[in-house]
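Next come two complexes, and both contain chain A; in the first it sits with chain B, in the second with chain C.
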Partner chain A sequence: MSVIEVRQVSFSYGPHRVLEDVNLSVPQGDFACLVGPNGGGKTTLLKLLLGLLEPDAGSIRVLGRSPREARRRIGYMPQHARLDPLFPATVLDVVLMGRLGAGRTLGGYSRRDYHLAREALHQVALADLAHRSFAALSGGQQQRVLIARALAGQPDILMLDEPTSSLDMSVEQELYDLLQRLNQRLTILLVSHDLGFVSQFVKTVICVNRRVVAHPTSSLSGEMINQLYGAAMHMVRHDHEPAGGDLSHHV
Partner chain B sequence: METSGDAARDLPKAEKAATLLLEAADAVFVDPDELAEKDHIDFTYHTIAKLEPGRLWLEVWETGSKKSIGPISVPAAATAVLGGAAAGLLGVYIIGLRMPFLAVCTAHAALAGAVFGELLGVSHTLAAFVGALLGALLLGGLLSNRQLDVNAALGTLFSLAMGLALLGMGLSTGPKTAMLSLLWGSILFVTPAQVGLIAVVGLALLIFIIVLEKELAALLFSRQLAAQLFPESLVFGALLLFSAGVITINLEIVGGQLLHSLVCNPAVAALRVARSCQGALLPAALLGVISALGGLLLAYRLDLPVGACIVILSSLIVGLFLCIERTMKPA
Partner chain C sequence: MSEFWRALWAPENGFLRLALLAGILAGVAASVVGSYVVVRRISYIAGGISHCVLGGIGAAQYLAVTRGWTGVDPLWGALLVALLAAGVIGLVGLFAKEREDTVIGALWVVGMAAGILFLAATPGYNPDVVGILFGNILLVSKGYLYAVAALDVTVVLVCYLFHRQFMAVCFDEEFAAVRGVRAPLFYLLLLLLTAVTVVVLVRVVGVVLVIALVTLPVAIAGHFARRLPGLMVGACAVSIVATTLGLAVSYQPDLPPGATTVLLLGLAYLLLAVARRLPLLRR
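Right after this comes the complex of A and B.
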């Protein structure tokens, strides 16, 4: 059963066509990665799936509904760089924001909102930092808080935009381990540049460069990557070991 | 030179005082033809004889002798408290959105509106609100065009508002003292009706903040994230509307040139030590009150321009809180 269905979607920013005749189907329980060159339309496709942008042509269904209607069942984590890392809020404050739209409409948060926020923090192993300042956390911890924030809304699909940007390798490994655990009950769609590393974890690679082609990770080849990026590329697979261990690279 | 400077500084006050006296005279209209000869008074000119918080006395020359009038009630303290608190509250959101230039732009749009109001003979408070609102809506429109950067949009609007204000002043053929008073503010001549308006706008802002507390906090954290959870453009639009309202009511206090400091400085100071944006609201409101009221008292004591005293005091408070923040940080 597909949780995301995109049919003949096109989208332009003014005169610039970013996506053209896109067709895509993401099955339930998939762990898919959107890859492609800068400006290829990855983030735009994610915004279309979230209902933040409207397609010029074609249709999008998420969980059988329009993206706007399905928003409350999608947990979204934006690119880390677009947040103010010094924003004055506690970890719990940030996670509670994930209850907006799902919990009480007016006034403060309910007891249930607090319960679900703490549960989400527990899932990302940060329950003991609930009252710590968000700004005081490390980059990896902040990313996990943002994942907890996305989980607090009890989503069916998790969408993440460059979740590992600006993280070191060991933290990146931990984050993907967490996502793999979450994938046991959630469909996950993420945008990443680090295809070599991500290909160890994801089930499907969705190549986005104005048009979209999805491949099972096992069938991904160097030729496909060259076609996608429009130039000869080397696919590098990093096998990260825990911090302090050996790092081996295969080209 | 010094006397000329003092006189120039007092011109807006004198014109405002004349307006207030005229309004007072209109309120108790007496037909001069029906007055007995002994009740006729020939006024030559008025001077401000004495100034105290909340009251002022005028001296009047009549038939060759000096006579004191007063005290005339001036609700300056109430204006400073209410206006300062509202400006402090609003500032938390403007600074939280990392758009301090929004206050500058909206203040100048309000100034342009007030100048054109004076030019067209319309209430300058109403015209300032219309100007600020148009400025805020234009800003919202420019920002919705995602190809235009926030700061580029703010810069464009600021230039336009300043250009319009100067154009309005240039087009005016009559005395420009009322327009100039909008540049620097004149809290001493705020009327009780204006204090009522400041209270209403401040209360509305407070209710807005209480009702949409969660949404506003999410908006400050990330507009991109907020857009996925609720109609953030509506909440942002409402915030722009309140910006226009609060800035308009404070235009009379510190003037368009300095107003952004009263909005931004208390919030900047409060956010230095607060652990959350909600936690910064009360300190920012209090610091807004301290800035406005303290500046007012300093101006009384030292016989200095009120707007400048308010802004300098609020800047000193920011400096003080930066020092406090430094001492709070672990070594």
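Right after this comes the complex of A and C.
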């Protein structure tokens, strides 16, 4: 059963066509990685799946419903760099935001919200930092807090936008270990431009460069990756963006 | 300064007690709204709205004299213009492709220019321009005090009821939207609250200095607060101390209290920013 169904979706920012005739099906329990050059449409596709953007054409179903209806069952982790590093909030404050939209509208969080937020922190092994200032944490810890925030809403799907940017190697490894554990019960979709490293962990690689093609990782070879990027693929970790050549998709 | 404390309790100095109370009450709304404004980094928007207000004050004054609309407090004109400005800036930021800061800057100066023209065109009227620009807390009435108290109650209530949504929208608008929070709605509501607060504060510190009362206490409290509610309470405390000191310091030499308060806040903020760089005080 697929949890995400994208049919013939196109999207443009003004005159600039970002995604064209996209078809995509993500099965339940998948661990998929969206890869592709900057500006290739990875984040745009993610935002379409979250209902933050509306497609110009085509249809998107998430968990059998429209993205707007389904998105409370999606745990979303945005690009970390977008957040204000000085924001006055504790770790628990941040994780609790993941409970928004789940309970009452007015007033404070319920006891159940607190319980689920703490549980989510426990899952990312940060329970003892609940009352620390979010701003004072390391980059890797902040990423885990944001994953906990996504988990606090008890999602069926986890969507992460560049979760490993600005992390050093060992922390990145830890993060993927955590995601692999979570993948035992959640479908995971993440955006990365670091295919070389990610391909060890994920089950499916979804190449996004205006058009979209998905490949099971088992069928990936170095030669194929070269072909996908249209340029030498840097298997070296934390290198620069691969050159933005068109994806050749006669694989 | 001791002169001030003695004068404060003299029976004939009711205006002084009124002024002090008005300053303290105004600081509450300013601190709560200001905390969101500062963490959402929209001080510039608050500045734009507050300066626009001059246009509303000028127009109301003009209509009062030329059209006989007496009995209409100029502050109603200010309120109308402030809400309008907040709405325009908010909608432009949310939907238009215009550069937001350019629009804010344009509204800012157009509002002020319109105000000056209205005041100049009002026949036989000698406006207290300095009072409008820099406030005159010593002239506040009891009615104004009720208005500020009502504002405080409204602001605190709205922020208590929707604190989670406001905080989420300030921290991460996109995530809030995914969680089903109507982020644009709460952003607009925040701007409207800012507009109302700014208008009420104009009496205390004037059009030009309002932005200081909204941002500086929060900036000072921000050095110590770890959470948003703490930031609000801290900013309130700073604001109360500053307003009281501002009145006290300015009383004997007969200086404008609004400007004195703002200067004290600015000095405290600068000193704190420097002091925190000294190794001894580093956390």
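The criterion applied here is as follows: the second predicted complex is superposed on the first by the 223 of 251 C-alpha atoms of A that agree within 3 Å, B and C clash if a C-alpha of one lies under 4 Å from a C-alpha of the other, contacts with A are read in each partner's own complex, and residues count from 1 in each chain.
Here, a residue touches a chain if its C-beta (ideal position, glycine included) is under 8 Å from a C-beta of that chain, and two chains touch if they have at least 3 such contacts.
All figures in this text were calculated on a predicted structure; none of them were measured in a lab.
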Putting chain B and chain C on the same copy of chain A, do they fit or clash? clash
Applying the document's definition of touch, where does A:Gly101 land relative to chain B and chain C: first, second, both, or neither? both
On the A-aligned overlay, A:Arg111 touches which partner chain: chain B = first, chain C = second, or both, or neither? neither
Should A:Tyr13 be classified as contacting the first partner (chain B), the second (chain C), both, or neither? first
Check whether A:Arg185 is in contact with chain B, with chain C, with both or with neither, and answer first, second, both or neither. neither
By the touch definition above, which chain A residues appear in both interfaces, chain B in one complex and chain C in the other? 50-52, 71-72, 74, 76, 78, 82-84, 87-90, 93-94, 96-98, 100-101, 106-109, 133, 149, 153
Applying the document's contact rule, which stretches of chain B touch chain A when the two form their complex? 96, 98, 146-147, 210-215, 217-218, 220-222, 224-230, 271, 274-277, 279-280
Chain A contact footprint on chain C (complex, rising order): 39, 41, 160-165, 167-168, 170-172, 174-181, 222, 225-228, 230-231
In their complex, what parts of chain A are in touch with chain C? 50-52, 71-72, 74, 76, 78, 82-84, 86-90, 93-94, 96-98, 100-102, 106-109, 133, 149, 153
Can you list the chain A residues touching chain B in their complex? 13-14, 50-52, 71-72, 74, 76, 78, 82-84, 87-90, 93-94, 96-98, 100-101, 106-109, 133, 149, 153
